[in-house]
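To start, I am sharing the structure in question, which I have written as C-alpha cells.
Just so it is clear, A, B, C, D, E, F, G, H, I and J label the chains in written order, and each chain counts residues from 1 on its own.
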Amino acid sequence: MGLPNGSELELFDNPAPERDYEIVHTAHEFTSVCPVTGHPDFGTLTFTYVPDAVCVELKSMKLWLQSFRNEGVFYEAAVNHMCDVLSEKLGPRRLEVRGEFSVRGGMSTVVIARHPTK
Amino acid sequence: MGLPNGSELELFDNPAPERDYEIVHTAHEFTSVCPVTGHPDFGTLTFTYVPDAVCVELKSMKLWLQSFRNEGVFYEAAVNHMCDVLSEKLGPRRLEVRGEFSVRGGMSTVVIARHPTK
Amino acid sequence: MGLPNGSELELFDNPAPERDYEIVHTAHEFTSVCPVTGHPDFGTLTFTYVPDAVCVELKSMKLWLQSFRNEGVFYEAAVNHMCDVLSEKLGPRRLEVRGEFSVRGGMSTVVIARHPTK
Amino acid sequence: MGLPNGSELELFDNPAPERDYEIVHTAHEFTSVCPVTGHPDFGTLTFTYVPDAVCVELKSMKLWLQSFRNEGVFYEAAVNHMCDVLSEKLGPRRLEVRGEFSVRGGMSTVVIARHPTK
Amino acid sequence: MGLPNGSELELFDNPAPERDYEIVHTAHEFTSVCPVTGHPDFGTLTFTYVPDAVCVELKSMKLWLQSFRNEGVFYEAAVNHMCDVLSEKLGPRRLEVRGEFSVRGGMSTVVIARHPTK
Amino acid sequence: MGLPNGSELELFDNPAPERDYEIVHTAHEFTSVCPVTGHPDFGTLTFTYVPDAVCVELKSMKLWLQSFRNEGVFYEAAVNHMCDVLSEKLGPRRLEVRGEFSVRGGMSTVVIARHPTK
Amino acid sequence: MGLPNGSELELFDNPAPERDYEIVHTAHEFTSVCPVTGHPDFGTLTFTYVPDAVCVELKSMKLWLQSFRNEGVFYEAAVNHMCDVLSEKLGPRRLEVRGEFSVRGGMSTVVIARHPTK
Amino acid sequence: MGLPNGSELELFDNPAPERDYEIVHTAHEFTSVCPVTGHPDFGTLTFTYVPDAVCVELKSMKLWLQSFRNEGVFYEAAVNHMCDVLSEKLGPRRLEVRGEFSVRGGMSTVVIARHPTK
Amino acid sequence: MGLPNGSELELFDNPAPERDYEIVHTAHEFTSVCPVTGHPDFGTLTFTYVPDAVCVELKSMKLWLQSFRNEGVFYEAAVNHMCDVLSEKLGPRRLEVRGEFSVRGGMSTVVIARHPTK
Amino acid sequence: MGLPNGSELELFDNPAPERDYEIVHTAHEFTSVCPVTGHPDFGTLTFTYVPDAVCVELKSMKLWLQSFRNEGVFYEAAVNHMCDVLSEKLGPRRLEVRGEFSVRGGMSTVVIARHPTK
C-alpha cells in the first residue's frame, strides 16, 4: 500500500519504562481526500498508547499526519494503516487509533483499531 | 415482513481482516412514518460493527436508510429489522443497531439491538 | 408555484388584539426533497409573528409543514413561499420565517425572510 | 375570562422607588391543560418588570402560577392574561411576560407580551 | 397502595422475542404532588427494559403517567410502585425505572429501582 | 469530633425493603468555613445509598447540612464525618458521599468516601 | 438600613482616568439569609463599572460581600443597597449591579440596578 | 492577486427579488496553507448576504472554497479577497464574510469583512 | 511604566485599506504575576481592531504577550497598557482590548478598554 | 533529574485511615516551558489518590506546582516525575496523575501515570 509510511517519525527514549502509563495524542485537523469522489475528507484522530522502549516525538507526528493531505484513502484503510505503522515503529505495549470523520450525506463515521487485537 | 430488504447495499473487502476493529456509522437524518397515525417519525440511527470478510459501503447505506422514508413501521420493528438485514449481508463478528427517536407526547424512545445476542 | 398553498391552515381570533405581542413557533422536524438530486433535505423552521386579527392554529400548521415532505424545492424558494402564504392568510403586523438547514458537503445554510420587508 | 385572577398575589413596598431597576422571576415548572385535548402542557415562564410603588412577593407568585395546574387554556391566552393581571396589580413602569412551552408534535412555542405595548 | 395501577397500559407482541434487546422510554414531563406539603413535584422518568413476550404501547404509557398528576406520593414510593406494576404487566427479562426529580430547597433527588434485583 | 452529629435527621420506613435500589440526594448549596483562614468554602455534596430498613427524610437532611454553615472543617474530614453519621443512622446496604469543592488558588478538590469500604 | 456599609472597601487610583473603560467583577459564591424563613440564600453577583478617580481593590470587595453571610435581606434590597454603597464610595461614571439568585420553589430570580438610572 | 477567482461559481435567479431577505452559508471545513511556514491552516467561513438579482448555487460555492486547499494565503487577505469576488459576482444588496481560524501558538483569529463598508 | 513596550511587534501592510473590517486575535494562554502576592495570574486576552495602514503580525504578538510572563502587574493596568501600546503602534481606526482573568477567592474579573474612547 | 523535588510539600494526618477513600485535586493553571523551543506550555493536572497515613496539604501543593513555571520539561517526563515524588512523599494506597496539555500545532496531549502500576 502506498500510504505515508512514517519515515519522518522521530522517537525518543521512554523516560519511565519501569511503569505502564498512557500517552494520548489528539490531532484535531486531519484531512485527506476521498478516493472515489476526489473531495476532501476531514476528521479528528486520537492515538492512545502505553510506550515500551520509545515514545513518538509530537512534531514529527504532526508532519506525518499532514502528509496524508492529498492522499486518496478510505476511512477504514487509513486508520488500520496508521495502527500498523505505529505498532511497528513504536513497539508499544498497547495502542489504539481512533478516527472520527465529519458528516457526509447526513452520516458520520468512526473507526477504531487496536494493537494487539484483544 | 415488507420493510426495505437492503438489496441496494454494496459491500467491499475488509482492508484489515486479521484484526478485530470497530466501525461506527451514525445516520442523523432518519425518518419513517408511524403505522398508526400516519405522521412522520424522526430519529438518529447508529450502527457499530466489527467487520469480518466485508464492510458496507457508506453511500449505499444512506440510500437504504432513505428508502424507509414513506414506510409505516414501529420503532421496535425497524431496529430489529435493520439488525437482521445487516447481520445477514455483512456476517459481522459483532453488530449493534441503536435508534434514538424524537419526542412524541413528551416522551422519547431508544431501541438497541445486538447480533449476536450476548 | 405549485408548493403547498396552506389550504389546511386554520385560524382563531387573536385573544389580545389591543396589544402588539410576539408568537414564535419552531418546527424541529421539517423535511423536503432537493429538486436537483432527489435526496431528502432536513431543517428547523422558526416562525415569529405579531398577530393582528387572527392567530394560526398549531396542529394545522404542523400538517401544512408535513405536506412539504415529498416536494422538491430549493431552500431560498421554500422560505420565501412560506412567508408569502402566512402573510396572506394571517395578515400579521410583522412576520419572520427562518429556515436552518442541515449540513450538505460540509456546508450548512440559513435563510431568513421578513414581512413587511423593513 | 375565568382564569386565575391573582387574588393570592401579595405585594411589598419597592425598596428603591427612586431608581428604575429590573426584577426577573423565572418559573421553571409551569403546567396547565390543553383546552382541546385535555392533555397537560408544560413550560417556563419569565416575568421581567421595573417596579413602581410595589413589588410582588415571590411565594405568592408561585401559588398563583400553581393555580393554573388544572385550567384549560391556550398559550396565547395564558400569557396575555398574566400580563393583564400583573399590570393591574403591580402598576409596573415596564413588564414583559415570556412563556416558553415544550414540544408538541415536533413543534415548540414561545409567546411574549409586554406592558405597555411599545 | 392506591397509586395508579396501570389498568390503561396496552401491550403488543414483541416483534423479536428471539433476541435480548433494550427499549428505553423517557418521560420528560412527569408531575405529581408532595404528600406532605401539597405542592407539585416535577421530574423525568426513564424506563429501560428487555422485553420478553410483550412490549408496552407508548401512548398508553403516557396516559398512565399522566394519571399521577394529582396523586400525593413520595419519590421513593413512586419509582418502586412503577417498577412493580411494569414487572407484573410486562414480565420483562430486565427492567430499570429511574426517576430524576427537580430541585427542592437546594437539593435534587434521583431514585433507581431494578427488576429483578441483581 | 465536634461536627454536627445529625441529631436532626429524621427517618422513615423503606417502602421497598425487598429490593436493592438506589437513592441519590444532591445538595447544590453546601457551605462551611476553612479552619485555617476563616474564609467560607463552597461545594456540592452527593449522597448515594441503598436503603435497608429506613430512608432519610429530605428536609431534615437539608437542615443537617445547613448546620455546617459556620463550622470550621477540612474537606477530607467533612466528607468522612458525613459518611460515618449516615452509616450509623441509616444502616444502609451501601453508601457513598461525594463532595465537590470550588476553586481555591486555581485548584479544585473532590473527596469520595464509601461505606462499607470495598 | 443596617446592611454592611462597606467600611472595609479599599480604593486605589484609576490607572487610566483619561479613558472610559469597563471593569467587571463577578462573585460566584454570594450567600445571605432569607429574612422570612431564616434559610440561606445563594447567588452570583456581577459588578460592572466605569471608574472615575478610583477603583475598588478586589480582596476588600470579597471581604465586604462575605460580611452578608449571616444577614437577613431580600434580594431586591440587597442589590439596591450594594448599588448605593458602591456609587457613594467609587463615584463611578457608570455602575451596574446584577444579582442572580438560585432556585427557590421552582423559581429563580435576577435583580439588576444601575447608577445613574438611565 | 492570484487567489482563486471564482470562475466556477454558478448563479441562479433570486426567487424573491421584491423582498430584502438574508441567506447564510457556513463552510465548516475550510483549509488553506500558511504562506510563511507552509503548514496547513483550518477555519470556518460564514457568508451572509441579501441577494439582489441572483443567488449563488451551493455546490459551486463548495468547489470554489475547496480550490483554496493548497494556496498560501494570510487570513486577512483571504477574507477580503472572498468579499471582493462575491461582491462582484453577486452584486448583493449586503454581504458579510466571516472567517474563524483555529488556534496557532495559543492564539485564534477571526476576520470579518463587509460590503458595502458601512 | 516599565511594562513590555512592544518593541518586538512586527507590522505588515493592510491588504484592504479601502474597507473598514475587523480583525480579532484571542490569546487563550496569558499569564503574568500578581504584584502584591507574587502568585501567577491567568487570563484570556481578546484584541479586536479595524486596521488602517498596517496590521500586526500574529507571531510577534504572541512573543510580546509572552514577555509579560514574569511581570508583576494589576489587571486594570495591564489591559490599559496594551491598549496604549497597540494604539500607538497600529494607529487603528478602532481597537478594543478585553482581558478575562481567572477566579481568585471566588471572584473573576474582566477589564475592557477601547480606543478611541467613544 | 533536576525537576522540583517537592521539598515544600506539607503533610497532615489522614483523618480516616480505617477507610479507603479518594481525594482528587485538580490544578487548572499549570504552566511550564518547552525544553526544545523555550515557549510556555499550559495544562490541567489532576491528582487522584487513596491516602494511607498522610494527606497532602492543598496550599503547599499549589506552591510545588508553581515552581515548575520556568522549568523546561517534556509532558511525559513531568507527569512521571510528579507521580514519583508524590508516591514517595505520601506513600498512598493508590495514586493517579493525569496531565492534559493544551493544543500545539493542532494537536493536544494527555499523559496518565499510576502508582502502583497495575
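Just so it is clear, a residue touches a chain if its C-beta (ideal position, glycine included) is under 8 Å from a C-beta of that chain, and two chains touch if they have at least 3 such contacts.
Note that the structure is a prediction, hence the values are computed from the model and not measured.
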item	value
Pair joined by more contacting C-beta pairs (F-I or A-J)	A-J
Interface copy of C-H among F-G, F-I or A-J, judged by whether over half of the contact pairs recur	A-J
Between chain D and chain A, distance of the C-alpha-averaged centres to the nearest whole Å	56
Centroid spacing, where centroids are CA-atom means, of chain C and chain F in whole angstrom	52
Distance from chain D to chain B - Cα centre to Cα centre, in angstrom	46
For chain A paired with chain B, centre-to-centre distance based on mean C-alpha positions, whole Å	28
Chain E, residues touching no fewer than two other chains	28-29, 39, 42, 102-103, 105-106
Complex contacts: residues of chain A adjacent to chain C	39, 42, 102-103, 105-106
Complex contacts: residues of chain I adjacent to chain G	74, 76-77, 79-80, 83, 103-115, 117-118
Parts of chain C lying in touch with chain D, wherever the complex brings them together	14-16, 18-29, 51, 55, 58-59, 61-62
Interface residues, chain A side, partner chain H - complex	28-29, 31, 39-40, 42, 66, 69-70, 102
